Each structure stands twice: as C-alpha cells, then as structure tokens.
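A, B, C and D are the chain letters, set down in written order, and residue numbers restart from 1 in every chain.
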Amino acid sequence: MPPHGFRGVFPYLVSPVDAGGRVRAGVLRRLVGRLVKAGVHGLTPLGSTGEFAYLTEGQRRKIVEVTVDACAGRVPVVAGVASASTQDAVRQAKEYERMGADGILAIMETYFPVPPEGVESYFRGVARAVSCPVVLYTNPNFSRGDLTPGVIERLARVPNVRYLKDASSDTGRLLSVMNRVGGRLKIFSASAHIPLCVMLIGGVGWMAGPACLVPEQSVRLYELAAEKKWEEALPLQREMWRLNQAFAKYNLAACIKAGLEMQGLDVGPPLAPQAPLPREGRAEVRKVLKALGAL
Amino acid sequence: MPPHGFRGVFPYLVSPVDAGGRVRAGVLRRLVGRLVKAGVHGLTPLGSTGEFAYLTEGQRRKIVEVTVDACAGRVPVVAGVASASTQDAVRQAKEYERMGADGILAIMETYFPVPPEGVESYFRGVARAVSCPVVLYTNPNFSRGDLTPGVIERLARVPNVRYLKDASSDTGRLLSVMNRVGGRLKIFSASAHIPLCVMLIGGVGWMAGPACLVPEQSVRLYELAAEKKWEEALPLQREMWRLNQAFAKYNLAACIKAGLEMQGLDVGPPLAPQAPLPREGRAEVRKVLKALGAL
Amino acid sequence: MPPHGFRGVFPYLVSPVDAGGRVRAGVLRRLVGRLVKAGVHGLTPLGSTGEFAYLTEGQRRKIVEVTVDACAGRVPVVAGVASASTQDAVRQAKEYERMGADGILAIMETYFPVPPEGVESYFRGVARAVSCPVVLYTNPNFSRGDLTPGVIERLARVPNVRYLKDASSDTGRLLSVMNRVGGRLKIFSASAHIPLCVMLIGGVGWMAGPACLVPEQSVRLYELAAEKKWEEALPLQREMWRLNQAFAKYNLAACIKAGLEMQGLDVGPPLAPQAPLPREGRAEVRKVLKALGAL
Amino acid sequence: MPPHGFRGVFPYLVSPVDAGGRVRAGVLRRLVGRLVKAGVHGLTPLGSTGEFAYLTEGQRRKIVEVTVDACAGRVPVVAGVASASTQDAVRQAKEYERMGADGILAIMETYFPVPPEGVESYFRGVARAVSCPVVLYTNPNFSRGDLTPGVIERLARVPNVRYLKDASSDTGRLLSVMNRVGGRLKIFSASAHIPLCVMLIGGVGWMAGPACLVPEQSVRLYELAAEKKWEEALPLQREMWRLNQAFAKYNLAACIKAGLEMQGLDVGPPLAPQAPLPREGRAEVRKVLKALGAL
C-alpha cells in the first residue's frame, strides 16, 4: 500500500464469465494491464459493476486471484466482499487478504431489513477479520441496511476502517459525514456522485465502473482536481458525466461490458437475467466514448 | 406428489446452523418429524424463514438433503431455490430435484432492478431445468424484481409452473391473478396474508414460517376452511393471526427460532447480522403460543 | 344516524365540476338520487374518488351542500375533511357538520413527513371539533403520515372516533387492528381490499368509488355477506373485483367518471392535470359494467 | 427584474401566522427588511419552508401582498404557486403576478400519481398564465409527480420557463439537466444540495430556507463562488452546511422559525400538526448559528 493510503481512480472491474460459468482469465488480465498502464491508482474487483451479486463463491475467488496476479503489485487491489451473512463475509475477507488483496471493499447485502446495530456488527466483523484497510460501502438505493451517520461515526473508530464509498447520489451526505468524522474516514466518490464535486469538498478519489472505459481521462480529471484546477477540470468532467448518465440509465454491467467490447476487449455480456445493452444504449455509449477520444 | 397436487399447510422450515457454520442435522430431523406427525401437508426448506439469503451453497444443500431424508416421502418437499443469477438458480434447482425434492419454490434475488423480461426469463429458466412442479414466489417488499400480472400470465402457460406464492400482503392481487389466469395457477397464501381470506377466494393453502410453531392448529384451520366452515374457523384464525403480527413486527427467523426453542427444539439463533429475538418479542411469542395451546 | 351506527355500502361520490370551475349541482343531485334509490346505506362526498385534493374551499363546500340537500336525510352523509393543516381541517369539519353532515371522514394530507404524535393530534383535533361520529381514514400509499397501530389504539378511545377506513391494500392490518382495539372501532373496507374478505373477518361495510357504478350489485354483495352466505357471494365478488382491478390500474376519478358517463350521467372529466380515461381503459370499464348488468 | 435575470441568494421566507390564523404582517415586514439589507438577491415567499401546504388561499395571498409591499422593488420577489389542480395554480399565478410578483416558483402538489404528460401540462398551464419568468420546482422525495429529463427538456422550450430548482439531493441530476438543455434553463440549488458544488458545475445561486438565518454569510458564500474562489469558499460552506444538516434532520419550518426567534424575530411556531423544534434541535441550531456569528 502506498504511504499516503488509497487515493485516486480505482476502476470497478467487470467480471468476464463465459456461458459455461468459467472466468475468462485472459481478457481480465488484458483489462488489468491496460488500466494499470493508463495510470489508474488502484483496482477494485467485485464491486457492483463486477456483478458480485451474480457470481458463485468459486467465480469470485477466481476473479480476485487473476486480478492480484495480473496486477503484480503495481497498484493496490481492493477486493469486494459482499454477503448478507457476517460469517460468510468474514470468510471471504480472510481469503482475499490471504490471496494478496491490499484492501477490502466491504458491502452488506440484505434480504430482510437490518437495524443499525446489525449493520454495525457486520462491518465490524469484516474489519476485525483482516489487517488491511477496509473501505465501507453503502448504497441506500439497493440495500435495506444503510449506514446511518451514527453507525459511520462508530465504525470510523475501528483502526483499519479507513475509507467510505457512498453510492447514494446524495453528495450532501458526504459533507455531513466529513463534518462528523473529520479526517478519520477518507471519502471516495461513486459513479452516482460528480467526482469533481466530491474532490472539491475534500474527497480523495473515486471507485466506479466507468473508469474501466476512460482510464486516461479519469486520471487526467483526478490530477486536475488534485491540483485544484477546478475551472480547467470542469469541461472534462461535464463531458465524462455523459458516460455516468448512460450508466445510470441502463444496467451498469451491461453498459461497461458493451463499451469494453467496442474497445476490443471481449468481456462478454452481463450475467443472466441481466440483458445485454440494448441497441440505443450501445449507440449512446459509442457516441460518448468517441467524444472522449476513447474509441 | 399427491394426485390433486400440492395443497394445505407447508411450513417454511428454519435452518439450524451452529456457530461453526455446520447444519445441525439432528434438530432439523426432529422438527421434520414433529411437523409430519402433526399432519402438515408438505415441507418447505429454504424459504425466507429458512434464511436462504444467509446460507452458503453447501449449507443449503445439506438442509435439503436432511429434510428429504427425514421426511422419507411421507409428504412432499418443496425446496427453495434462490439466486440473483439464472445460471446459479438452474444449478440449484437441478441439484435439489436430483436429491429428491418433489417441487421447487423459485425465488429471484435481486441487486440491480430487473425489468419484467428479465424476471420472466429467470423463472422460465428454473422451470425448464426441472420436471417437478414449480411454485413462483414473489415478494415486492423485499425485491426489485416483482412478478407483474403480464409476466405471471405468461409464466402460467409453462406446463410445470403450477403455483404462486405471493408475499405482498395485498390480498386483492391474488384475486386479480385468479381472475386473469383462472385455474392454471393455484395460489398459496404467505404469512403476510390472512390464510382464511385467501382460502375463501379460492386459495389452496399456505406456505409460511409460523406453521412451524403451531402445526396442529394450522392443519385444523386448513380443514375448517377446506370444509367451508368459515364461521367456525374465524375465532381460530383471529387468535393465530397474533402470531403473524409478532412475526411481521420482529425478524422472521428470529421469531420462529425463538418459539421453537421455547417448545424444546434447540435450533439456535438466526444467522448474524440478524439478532436473536429481543426480550419483549420473546414475551409476545410466548404469550401467543400459550393462548394457542402450543406451549 | 341509524341506531346501529354506520354500516353497509357508502359510495365515494365523484365531484362534477365544469370548465369554469362551477360545481354541476344538477348531475350531482341525479347521482345522489340514483344511489339512494338503489339502496346504498350512506353517501360519502369528498373522498379520494371525489378528488378533494383538486378542489378549492368553495367547490368543496358546494359539493357537501348539494349532497346533503339532495339526500334529504334518507341515508347518512359522511363528508370528507382533508387538509395538511389541523386548523383548516377543524374549520371544514365544523362547517360540514353545521351544513348537515351526519359524520366526518377525516383525511390527513401531508407535505412534509409527520411523526405519529402529529398524526394523532390532527385527528384528535378534528374529532374534538364535531359531535358527530368520525371515520379515520389512512392511506399509507399516498400519504407520509400513516396511522400506526399505537396511534389508532389511542384515537379509538376518543368517544366519537368510531370507524376506520384503511386504504392500504394490506388486509392483515385490519385484522391486527381488530385484535388490538376490539369493538371500539368498526372497520370499513376500501376499494384496495376485497370487501367480502373484510366482511368475513368482521368489517361492517365499505366506502369506495366503484359503488357509484354498481350500487345494486354492491348492496346485493353486502346483504349476502351480512347473512354470511359466503359461498353464494363469491362469484359476485369475483366479478365485481374486475372493476376494482380497472380502478387500481387507471386514475380513480377518471375511471368512475367515465363509467358514469357511459351510464348517462354527464359528470365530466377529472380535474386537470388528471387526464380523462384513455381508450383502452374505457373499453375495459365498459366490458366489466356490461358483464355486471350495469350498462 | 435585473437585466441578467435571477441569480444569487433567494431566501425561502417563513410564513408567520398567529393562533387565530392571521398573518403577522409586522414581523414578516421586519424579516423582509433585514434580508434585503443583508444583501440577498431576491425573496421567495411560499416555498416549502414557507409552509404553503398548510396555508389557506387567503393566508397565501396575504403573505405575497405583504412581501411585495415590504420589499418595494429593491430585489425581485418570486412567489410560490402550489396546487394539485392546474386550474387553481393558474388562478394563483395570475393573482400573484397582478399583485407585483416578479417571478413565479411553480410547484406541483400531488395526491394521486401523475404521469409525465400530466406534469408537463400542469407546468405549461402555469407558465402560459403569466408573462413573468417561471422557476420549475421539483422534489421527488415529497411528490408523486417528478419532472423527468424529457419533460424538463420540453418545458425548457417554453419562453418564460427560465429556471429550475431541484430539491432531489441528487447533484448529478443537475449536471445531467445542464448537459441536456444547455443554457436554456438556469439552475438554482436547494438546501438539499451543497450550493458551492452547484455553483462549481454552473448553477446561478440557491433558493432555500436556511438563508433566512444567515443572509450575510450566504451572500458572502455566493460572492466567493461567483468569483471562483473555491478554496476560500470551502471552509465557510463546510460550516454553513451544519445548518442544512439540522434542517434536514428536523422539520424545515420548525427549524428556521426557531432560529429566527433566537435572532429576535417573533415568527411563532410552525402550523399544526407540525410541532415546534424540540429542545435538542434548538440546541443544535443555536450552536451552529453562534459558530457562524449569526447569534
């Protein structure tokens, strides 16, 4: 792990799986290589764009294994751990750390609603299971177990809970969290927020699917923001936002996988019952990628 | 399978798992024995009360194996199949049928929202994978992929899609479905509906967690309804409803597991991060069980 | 008011208003006359089907005035009182009672979310303002101020709070309320519940828009239920439910107003921005009315 | 109206009403005087903080009359028009323009869900009724009739529809709208967004309740943003955000009214059934106001 901790652009990697259920290791390696070469600051396999919710235990393990191996320590790998069960999440976290992950992105899946105490105990359990840094992930739109401000404040006191990634789309929540926990938690933006705005209020980067498609542009945007060249960054942010618009409108994985195919990486369709990106979505993604010089 | 198809009371079995993650086969066998002896018409392992969302692939398999073996063909076993991925659900369904399940309760888990076509393809995939009857399960409160009337109508034409269990709490939806698909789909009530009402409008029984605790009373209620003795059934239904009230107020699995412990079956607590039933919930469940003569 | 209190079928009257904003008194009188002649047990102007949310203070007053006058004491008139403000609701309630209403249907509109204490104070304020019986109305689907079980229990102790109409579609809630407040509150069904089911568990009738279109059939269904002829009532209930299905699918007022026009009552379109019933909705309503012998 | 159109800080005025329902004109005048003197760029009576949903027709009219008179043309007055009914909204808009309002903030109240065509026709109706500029207001959290991107794009072509105020808390939506409609609609932030972020991406100011309490600080923040001194503005924004945090946590009107009382303006409590700010809320607001030098 870099001395300053995680920061910058961490693409959420897609998970290429063939019709027989096998992880396509070759194309995943090529994706990792391209992204690292483009200058991204880290890699995140098994995020939402990585379709963790559609993968078996074995497929998930293989994705992490290939990513860690292909990355070869050039940038940190922060692997997604996701379960509804604490016990199962702990098992995943231990396994991924042992396999070489530099950090854990902790996601709580839900079926029944989970009260704040349950949410806290889940994340605390995952953090305790590993010695590497943990990124808390919350997405109130897709989960019945949101991280409330009080829970975030208590979790921020756990030594290796160091980052928060919030996919709520409510940027004000991020500033509220910063006001409450000060520097104890660093904030990553999600694709539901405007990264430039999150950087302005003190964020340290973003973890998101679209960066798979426009890694150079993402790194450029990050550098402008890090240098506080807000005016210069805005036109690029505005243009890149069109990708997030398409991303929000269509299925996430379908969108990024289709774009990667256009760029020559045969990552295949999203896992059923998710459908491939429809024709008008493909046209939209193609247009945006061209405008950004990514096609 | 009985000649008239599935009907009557199908308790949703709890899943007893110890702290090390091992299925407690002994206590599950005793539960199965007690329920069959009480006259229930079928058994449903891996329903929502069965905490499917918190179990690993291996734990789920073991639960089905023990249930089928302990039941020994005395009543049909309808095993829950649940996944966000069609491929994984198909694998489960085939496996459980091969292991001896008499029917499949098909549940679609969701992470991203799923459009109607995706919902239809998921259930169609599961049905095609097996030759036994399939019960469609929908729960719009916990899922981002509800079965719409149009999808239900199309799925009702698949030969082995024979039943619907709807956990919406909206009893009018059931009558609307009956009005649309006539006799092609038979309807089971969930614990979110009043079983007596569902029987009045033409339902064939119920699949629900509370029947684990009051199997004799459930069978008695079913028989009164089947004989159309509505007046006689009402006081019993009214009293039994108090159990559903507690069930709806607290966590489902916590509630049933606590009640079974009171009845002498050491099924253990629900899986973390779910919490055991709190003190006031235990008092409430105890009171209702006593009033029903089940303690 | 009848000695046994309110019970039976209370149609929610539509509000005929012309393009200039004037209440069409003549057609409203004809509707009242027809319904009373058909045997309905009461009349409810300014319910949801009565588009209270789209009417000015003056239009609402006129609707109540015409209804009371045309009804001429033949059946009780229960007028809808709806506001976000307690003070305004109190004013309406006093005014409608003074104008001759026999009961008040109390509805709380919301803009900001209202906590349970606020909900209780609103309904308590309305009840205290009048001496006639009050029907509590709750619709958690359209309001951010639902009546919780605890609030209902406390309000049931107010002497003139005598009835509850719940439009939640969750019939189990009604049985839960009955289990909590016993006979202190009598329950009316809404069009979101199956009236026959509500009658089975102890309800006293229903207040709903569709009864405007099929008053004789509604009265017949009520009588069968009151005589506990459940089997005989079911085919009629099943057929009538198709009207509720259309009602739930399209805009409520548009649906009932279109049906009344088909029956020769020129009540006009719903108030903008609500749109008139589209062509396929008209065909659906026409078909159902014909099947029920109401056209 | 200023030549460059509306821009800057437009406080949402509270509505002081006494126990008898009379508008307290004196205190409203003092509030207007204080805000104009502090340098705010406009005034917005009858926004959400203005409790429009709790006021009668007469009270609303009086609020606009007093505001226009007290303001005396020193800054533009943009009056809130809110109704579920197009006809009623048109009446309000015409009346307020005739009374001297310089712009209309158009709000659509909802009871039944409204499809996009209905939403469009409502706002189009209001815009056509007046010749002054119209600010579209949308709040998907409190309304069942959100302005979709397609509707916004069509409404942006209506000549006097010139501004959008979006209270969704989703700042990315604002950038998406800008990407779609370019300069045709100017964007105002709401208290649910971080104003500094909205200014960074191209917004022209904010319309919000908290500016009643900290007008000088709001104007200072606006000026820093307008001069693109983002770094210098951030500490002030961060501190002011604490007020929005309190505002979001408690009832809006209760929060601002309590703060104004602390500052010596006797605006009274919010209208029932809204409750006055509880003790801990008062302490929180007091602390923030002191830290900002506003007490």
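Note that in this section a residue touches a chain if its C-beta (ideal position, glycine included) is under 8 Å from a C-beta of that chain, and two chains touch if they have at least 3 such contacts.
Model, not experiment: these values are computed from the prediction.
Touch-path distance (fewest steps) from chain B to chain D is 2. At the interface between chain C and chain D, two copies of one sequence, more than half of the residue numbers in use appear on both sides, so the contact is built from largely the same positions.
One finds 36 Å separating the Cα centroids of chain B and chain C.
Computed centre separation for the pair chain A/chain C is 50 angstrom, with centres defined by C-alpha atoms.
Multi-chain contact residues of chain A (touching two or more other chains): none found.
Contacting chain pairs in the structure are A-B, A-D, B-C, C-D. Contact residues of chain B toward chain C in the complex are 169-173, 175-176, 178-179, 192-194, 196-197, 200-202, 228, 230-231, 234, 237-238, 241-242, 244-245, 248.
The residues of chain A lying in touch with chain B in their complex are 21, 48, 52-57, 84-88, 108-112, 114-115, 117-119, 121-122, 125, 142, 144, 251-253, 271-275.
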